[in-house]
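Across the two complexes that follow, subunit A remains constant while its partner is subunit B and subsequently subunit C.
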Partner chain A sequence: MFSYTFHWNQALKALPQMLDGALITLQVALMSMVIGLALALALTACRLSGNRVLGGIAATWVEIARNTPALFQIYMAHFGLGNFGIHLSPYTALLVGIAFNNAGYLAENFRGALKAIPDTQTRAGRSLGMGPVQAFRYIVLPQMLRVAFLPATNQMVWAILMTSLGVTVGMNSDLAGVTQELNARSFRTFEFFALAAVIYYVIAKGVTLAARALASRMFRY
Partner chain B sequence: MIEIQNVRKSFGSLEVLKGIDLTVEKGEVVTVIGGSGSGKSTLLTCINGLEPIDAGRIVVDGTEVHAKTTDLNKLRRKVGIVFQQWNAFPHLTVLENVMLAPRKVLGLPKEKAEEIAVKQLTHVGLGEKLSVYPTRMSGGQQQRMAIARALAMSPEYMLFDEVTSALDPQLVGEVLDTLRMLASEGMTMICVTHEMKFAREVSDRVAFFHKGVMAEIAPPDALFGAPKDPELQKFLAATH
Partner chain C sequence: MFNTALTISDLGFLAQGALMTLAVTAVSVAAGTVLGVIFGVVRNQIGPYWSAPLTFVLDVFRSVPLLIQLVLGNAFQSIAKLGWPPFTTSCVVLSLYTAAYCTEIVRGGIASVPPTTRRAARSLGMTWWQDMRYIVAPLATRVSLPSWIGLTLGVMKDSALVLWLGLIELLRASQVLVTRLQEPLLILMICGAIYFLISFPIARLGGYLEKRWSND
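This part shows the complex of A and B:
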């Protein structure tokens, strides 16, 4: 009844190829985080600006990013925009889709972090003669970063895992893409995907542990 | 000199200050007593411009606090304030808490700011706690740190807003001792407080606030010994 013979050698032989793919995965995830963080800051600023149009755009962005499947967001970046004559390569579409998703989650994270710092902190800074920008820069922001840091690393892990959705828009150079191609050639689905899963796990876990170590160094209070 | 002239202030439909007049001379210690919601704390936050006022004026050494042209950041270097909740900056050590404003607001070099901070922290008895994070200290220690933080700006006036009200009873003494020390050094102070014994000891004058009105103001012996205002008589009877 269980007559499948494992061929791990075949998968292990492809390991260097898969590790190359893992580098691409990490690259896309990192870039999507950097872009996502910058966009999230802009979205947060828009939501705090008091301007109805800017606030509305930012709120809509956050709503869509957080309440629709990430797969659809990547699909839209590739095929959806394609309908309007905007043709993004699989790589770019994947990056755009994940950055869009990251920005939504991180903006919400920033808003929560900002709310967690009591107004009295700003007031204390102002009462010492600081201007509003100084009080934000030296008192609120450093405390905000601490609150936002670990949720942001969760988003980084999520971004790494989301890159695997790239196969659906024809991405073939990242870890999921490479694995999928190897699988298509050999039909050793279990071996290849199990090995890929281990690599994803190691990367994700590594990021989490590195972030924790960094946090305990940066936030000593 | 702080001159408060016919100051009115409302929060929505609630008028918390109904025409306050008070002049505090250089070197004077004035304490303000009264029940909750009598407007005492609001008055302090109006003096350094943290709160706007609806009518009247407040003048500090010739500068009208609420005039549009007044640089409040500059004024606040002169008028320090310490709150009931000490508002320690949790991400900074005790030393960094006190150094921050001298560095960023006064633009002092690090060494100079540190020298001032160490001096002020030693003054309030925290010379041993320089590298500690505030959350590791008691409320009384954090409150003394907040006092040192305000003093590091070399203010000419200090406003104390119920600085012992959020403290455990056994920690009140150390903070009051710090205030007594400042008073004896000639600091001009306005203290809102519920500590009657303290008010009696340190004040040149004591003001009693009731429902947004300064019902009585007099030297402590007169105010506590022979209160004239019926509300003050009731208040003192209740607090004894």
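This part shows the complex of A and C:
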């Protein structure tokens, strides 16, 4: 059954190259997460503003981000925007696609977290003489962050996994792209991708554990 | 944008792609759910210590990108000379991927049934199987179904990645049309609309059930 000889040496020799790729993967994931968080806050603000147009835009964004594949969103950024004469590089297209996706999911996450905090909390803060901004800043926000933190770290792991989709639009500098390039040169598909899988696993676990440690320190009270 | 070269038969091609997406999803979710229920019950039954290896393997499926899993699965089947067509490979990999998530959902559902309720059932003389069938299953389903619907939709969206193995599903079909007609925006928008039309109503149903069935 197994007449195939594994050549793990070749894959291990390429490890430094792949780790460089892993750094790019982390970089894209982190940037997409920061942009996604900022956009998600803006979307949440739009939804809460009570303005019909802004709320409609935010709702549409969230529903599209959540109901179409991430790969489709990346394709849209890479191929679709070409119709408007905007030609994004694979790196930018990947970043735009994932940030769009992150924003949608995080906005929904924030909305759920806000809902979990009873109105009475704000009212209690206000009746203690706090202004609306103060009440939000000191009463609602800390509690909301607490509820929203773990789902947000899940989203970070998702973002890392999603960066692997860049290879489908020709990205060749992140972990999946580097692996694919090495694979195209040597046809040692299984070895290279198995090593990539191990690296992805380590990164994903590392992020999860770090987030958990951070959460237990930050939300100790 | 309004004088397009897109013809009816091209739309038929997209519809065929959509059917392929649905077929892959249906097979994978069905197989993945069966596996997930088995794994979930096993994990619950033998405790965290003995199920650690299973937990680890399932965790790997959730922490490695699906694209890498598909490539590995395909490389493995050619190394082992199984001679599977891309459809089978895709379904096998996606089923395991689904099973990994489904196990968590099932485990959560079973854990949500109060132990006192189960003990009461056993005290009434029910067997383990009767307890599972008549007490745990109905209660756990209420808790798990909304997340399971979410998982099904997630798999439907993730099934777009099987294009990497050369399977012509919805996204790949639209890519083929884009290459031929050079109208990326229109075709991708149709493709996205199809995904949206499949996903959105079911997502709404899941949200409704979650609200309706929540215990508070």
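Definition applied: the second predicted complex is superposed on the first by the 221 of 221 C-alpha atoms of A that agree within 3 Å, B and C clash if a C-alpha of one lies under 4 Å from a C-alpha of the other, contacts with A are read in each partner's own complex, and residues count from 1 in each chain.
We take it that a contact is a pair of C-beta atoms (placed from the backbone, for glycine too) under 8 Å apart; a residue touches a chain by one contact, two chains touch by 3 or more.
Computed from a predicted model, the values in this text were never measured in an experiment.
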| item | value |
| --- | --- |
| Superposed partners subunit B and subunit C on subunit A - clash or fit | fit |
| Subunit B versus subunit C as contact partner of A:I139, first or second or both or neither | first |
| Contacts of A:A197 with subunit B and subunit C, given as first, second, both or neither | second |
| Partner chain(s) touched by A:N83 [first = subunit B, second = subunit C, both, neither] | second |
| Partner chain(s) touched by A:V157 [first = subunit B, second = subunit C, both, neither] | second |
| Spatial angle subunit C-subunit A-subunit B, Cα centroids [nearest 10 degrees] | 100 |
| First, second, both or neither for A:G55, with subunit B first and subunit C second | neither |
| First (subunit B), second (subunit C), both or neither touched by A:S127 | first |
| If touched residues of subunit A are counted for subunit B and for subunit C, the larger one | C |
| Overlay on shared chain A, then closest C-alpha pair between subunit B and subunit C (Å) | 18 |
| Subunit B/subunit C common contact set on subunit A | none |
| Touch list for subunit C against partner subunit A, complex | 60, 63-69, 71-72, 74-76, 79-81, 153, 157-158, 160-161, 163-164, 171, 175, 178, 183-186, 188-189, 191-192, 195-196, 199-200, 203 |
| Residues of subunit A touching subunit B in the complex | 120-121, 123-131, 134, 138-139, 142-143, 146, 219-221 |
| Footprint of subunit C on subunit A - complex, ascending | 1-4, 63-64, 66-72, 75-76, 79-84, 157, 161-165, 167-168, 176, 179, 189-190, 193-194, 196-197, 200-201, 204-205 |
| Of all residues in subunit B, those that touch subunit A in their complex | 48, 50, 73-74, 76-77, 80-81, 83, 85, 87, 89-91, 100-101, 104-105, 133, 135, 146, 149-150, 153 |
